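Residue numbering begins at 1 within each chain, and the chains themselves are lettered A, B, C and D in the order written.
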Amino acid sequence: MIRQQHMTVVSQQEIAHRIFELTVEGDLVNDMMAPGQFVHIRVADSYEPLLRRPISVASYDKEKRQFTMIYRAEGRGTNLLAEKRPGDGLDVLGPLGNGFPVEEAAKKAYLIGGGIGVPPLYELSKALNGRGIETVHILGFESKSAVFYEAKFKELGDTHIATVDGSHGTEGFVTHILNELPKDFDAYFSCGPTAMLEAVQWAYPEKKGFLSYEQRMGCGIGACFACVCRTTKSETDYIKVCSDGPVFRAGVVIS
Amino acid sequence: MIRQQHMTVVSQQEIAHRIFELTVEGDLVNDMMAPGQFVHIRVADSYEPLLRRPISVASYDKEKRQFTMIYRAEGRGTNLLAEKRPGDGLDVLGPLGNGFPVEEAAKKAYLIGGGIGVPPLYELSKALNGRGIETVHILGFESKSAVFYEAKFKELGDTHIATVDGSHGTEGFVTHILNELPKDFDAYFSCGPTAMLEAVQWAYPEKKGFLSYEQRMGCGIGACFACVCRTTKSETDYIKVCSDGPVFRAGVVIS
Amino acid sequence: MTNLAIKLPGLELKNPIMPASGCFGFGKEYAKLYDLSQLGAIMIKATTVEMRLGNPTPRVAETASGMLNAIGLQNPGLEGVMGSELTWLEQFDVPIIANVAGTTTEDYVEVAKQISTSPNVHALEINISCPNVKQGGITFGTDPDVARELTQAVKAVSSVPVYIKLSPNVTNIVSIAKAVEEGGADGITMINTLLGMRLDPKTGRPVIANITGGLSGPAIKPVALRMVYEVSRQTDLPIIGMGGVADVDDAIDFLSAGASAVAVGTANFVNPFVCPEIIEKLPERLHELGFGSAEELIGRSHRL
Amino acid sequence: MTNLAIKLPGLELKNPIMPASGCFGFGKEYAKLYDLSQLGAIMIKATTVEMRLGNPTPRVAETASGMLNAIGLQNPGLEGVMGSELTWLEQFDVPIIANVAGTTTEDYVEVAKQISTSPNVHALEINISCPNVKQGGITFGTDPDVARELTQAVKAVSSVPVYIKLSPNVTNIVSIAKAVEEGGADGITMINTLLGMRLDPKTGRPVIANITGGLSGPAIKPVALRMVYEVSRQTDLPIIGMGGVADVDDAIDFLSAGASAVAVGTANFVNPFVCPEIIEKLPERLHELGFGSAEELIGRSHRL
């Protein structure tokens, strides 16, 4: 069930340059169902900024009634979000959308993330590992200062890092790493900039893949038609990223 | 000199029902010149609320570089102001306007205030007492729960309280008290709702009086012509409350 | 007991609050959050003869206290709306106001004729003011003669009362209102969005793929209120007012300005429970203000 | 070195930033805060033939990300402005743009003729768009023919280039812009305020004594930007753009949309140092964006 809840900030930390890890607490966590879902956040009790901000669930803990987000403080809204302190309230709408289908992986999965697309892959990796599936993480960042969660992913499986400027790991994009890796996995899961998702799909046309998309949103719940994409199904078919996604099977969405 | 300064909140306290006493610190205090001046406050770093809020200086201390305001949390802006905590920053423009001319009182002065018009009379009373002038305070409030600074005024001189509902002091308006008091003073100073200022002027047509006016403001510094009033001088004469006032000699302003 | 009921042509409203067209889809998503039968009415998303896919994305952009949208009338088409959406909505005890759009008079007539026969459609809202379709739409709402003729044509075929939705992007909104009144409109809904634009300061490019979009939200409330005030003073038509309503006092303001009911658009995205919350607070607020019914408040500003 | 200079008819601007008319008085108050010679230009408060006292108070009201004003052209009259205000402004190295208002063509002609002879007045801004005067003003700005004729009349007597200030309260702003271009205008300034209203929810009364007022501030920026974009694409006149500018990126947006210079109104009330702050930040911001001069940015959005 989708709820709108005044949650409480448990912790907030800058874990890389302008990248924040924010943990909040409340009953809404009980309804989280799969890694890859997101929440829609009202960052201030003001009409400016007006709209909510969509942020992925990076991990959740139903026992503690807590979940964690990781986001880049970039524009007006996320910069305000970065000012929240433990004890502050936070207006959260969620959980929203459908997450990654963990049951689709059989033995070994590639998790391919770029920048602020990396966070949802963390809960996903934990879930896959929990099912005994081997995970390999291929993560791309702008530069060394923007890298986060490397150690955490390493605990869960092989982890390869690419940075655009080469300041850490392989220089270039995740696709540079993919080219070097074997294709001995049965499913891949990816989240990141649309260009990256496209490249990943091209790299593995024969594999089962699941991609998490981004779009500008209004309502976040499927009512406003802001976040639509056409699909490969027919000329007139479309999906809404917020309510039909954000995760879709590779080959479905025309971006 | 008028400055725009990021001051620091020293303390904030609710001293009566929805009435807050807020003390802030910064160099701007050095330029304060007279009781009755005001500051123009930006309550949030957002475009909503957009405009600054004019609040009187209730007292100031140049040595500590601190000044105190007393305000009622009523609308959007003052309610946000009430959320400020010690250590928070506060964007203050000031000091603005001309205060009460303490030198105009000779021996004994009446200080007549209503509601949130009471605060500037406190610094005024201190200044008058500092010059050896006897002060009598006649202060009106809505009800007992809205009364503040009664003890502080009593330390400075005779203090009479009226409440509209009679829950404290005399029932009714300050004018009910004025009718009972002798006219043995040489000057009066008043701040409060316009209707009260009118009544006070009528009560003492023969006395020297100084009244502090309120008007909706834009700029607060004299540039936008939002806060004008006509005067008794001529058909075409007008004053700006923000820069020519807020304090004017009785009989000048047509309100 | 504070009486919230309002009677308008075709509409017996339990209360004067309803979601605005395009900000509530066909109700399905919000039905998961609360019981739609609480609402005064529902204005459903614009319906056109054929299915439409709308504009390319990005379709929305945030602005100071507002947002731009250029959805472009995406909808499943008359058949889809009548077949599945309206039928599904029948489970709720709430009158539906069907928003009708098109690019030619024939389009409007076709949709109006058919959709007005749906059992739960109690009124039509003719959207002559959508800024996001390239032809037709916008001119219908900016020329009084065209607006009058369209109103007549739609009235001739509709089985339910017809409300015309006015565009604020005009020099003289009263002249358009009078024209649709002459054309036989039963009521007016206003305002639709103001035409606006946002650029990305980094690239200099428009943020909205369609270049311009319609501005909505609290930012436009002063314009909406002024227009409702003007039109309600100068025509006899009942008005469903909207533009920036986000809380109970905003609703009070629109009623005071002369609207008989109030629609809530953008605020649904900020607070999906905004409509039931306003409905819940309305009786207490009316009582505080000394009114025994919502009806008494209508046009209060004119009498002062 | 990033070059901020902009050359416009009559105006050699050190930089493209100037305070908008009515939001800066005649400069005296802001001169106490900073050196006015830093500014690209100054648009002074509207001047009418005779002194005017303007509207009753309250004259301003806050709205979401904006404000309403109904000052009503209060000013000391032609004699007062020329005698004392303009003379006082001569001490600064800054071109003055004199804002001219009136209720009849004769009024405008009279003020334009005389004020344009002041040595520091380098251009006129003809305010055909003030929503706060009861007669004249507003209609000049909403009818293309009237606007064209007024432009011609003013051009015939002015000793300096003439900019016409457009009203956004029109169906088709391009048609007004084209009309004043035909009338011989040297440039356009836009936009003036949107007509709006605020009610007090407690009493139901309009907050502004004049009932309606002009909406300004960040709320209107999307509308202003869209209009600047449209007019700059469809006329050849240089534009001084304004409406909601409050920081350096807003100024960048207006230049990108097609304005050659940018005026800052309401934001002066929020941050009295906003103009010098934008001027200070502009070179760095232009550099970050990869531009060597402010001029290169003008109309960038059209080229994408």
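Following the convention adopted for this analysis, a contact is a pair of C-beta atoms (placed from the backbone, for glycine too) under 8 Å apart; a residue touches a chain by one contact, two chains touch by 3 or more.
This is a predicted model, so every value here is computed, not measured.
Asks: Touching subunit B and subunit D alike: which chains?
Replies: Touching subunit B and subunit D alike, sorted by label: A, C.
Asks: For the interfaces A-C and A-D, which has the higher count of C-beta pairs in contact?
Replies: Looking at contacts between chains, A-C has the larger number.
Asks: Can you tell me which chain lies farthest from subunit D, using the average of the Cα atoms as each chain's centre?
Replies: The most distant chain relative to subunit D turns out to be A.
Asks: Need the CA-centroid distance for the pair subunit A / subunit C, whole Å please.
Replies: Taking the mean C-alpha position of each chain, the two centres sit 36 Å apart.
Asks: Averaging only over C-alpha atoms, locate the centres of subunit A and subunit B and give their separation in whole Å.
Replies: The mean C-alpha positions of subunit A and subunit B differ by 54 Å.
Asks: Measuring from the mean C-alpha position of subunit B to the mean C-alpha position of subunit C, what distance in angstrom results?
Replies: Once rounded, the distance between the two centres reads 46 Å.
Asks: If a residue has to touch 2 or more other chains to count, which residues of subunit C qualify?
Replies: 63-66, 217-219
Asks: Mind pulling the residue numbers of subunit A that touch at least two other chains?
Replies: Where subunit A meets two or more other chains at a single residue, that happens at 47-48.
Asks: Testing understanding: with touching defined as stated, what is the shape of the graph linking the protein chains, line, ring, star, complete or other?
Replies: Contact pattern: complete, every chain touching every other.
Asks: Give every residue of subunit D touching subunit C within the complex, in rising order.
Replies: 63-66, 68, 142, 169-172, 194-199, 201-206, 212, 215, 217-223, 225-226, 229, 244, 249, 252-253, 256-257, 289, 297, 300-301, 304
Asks: Write out the stretch or stretches of subunit A touching subunit C in their complex.
Replies: 1-2, 4, 42, 47-52, 93, 215-230, 236, 238, 243
Asks: What residues of subunit D sit close enough to touch subunit B in their complex?
Replies: 22-25, 28-30, 32-33, 45, 51, 53-54, 57-67, 69, 71, 74, 217-219, 246, 266, 268-273
Asks: In their complex, what parts of subunit B are in touch with subunit A?
Replies: 44, 46-48
Asks: For a test of understanding, state which residues of subunit D touch subunit A in their complex under the given definition.
Replies: 64-65, 218
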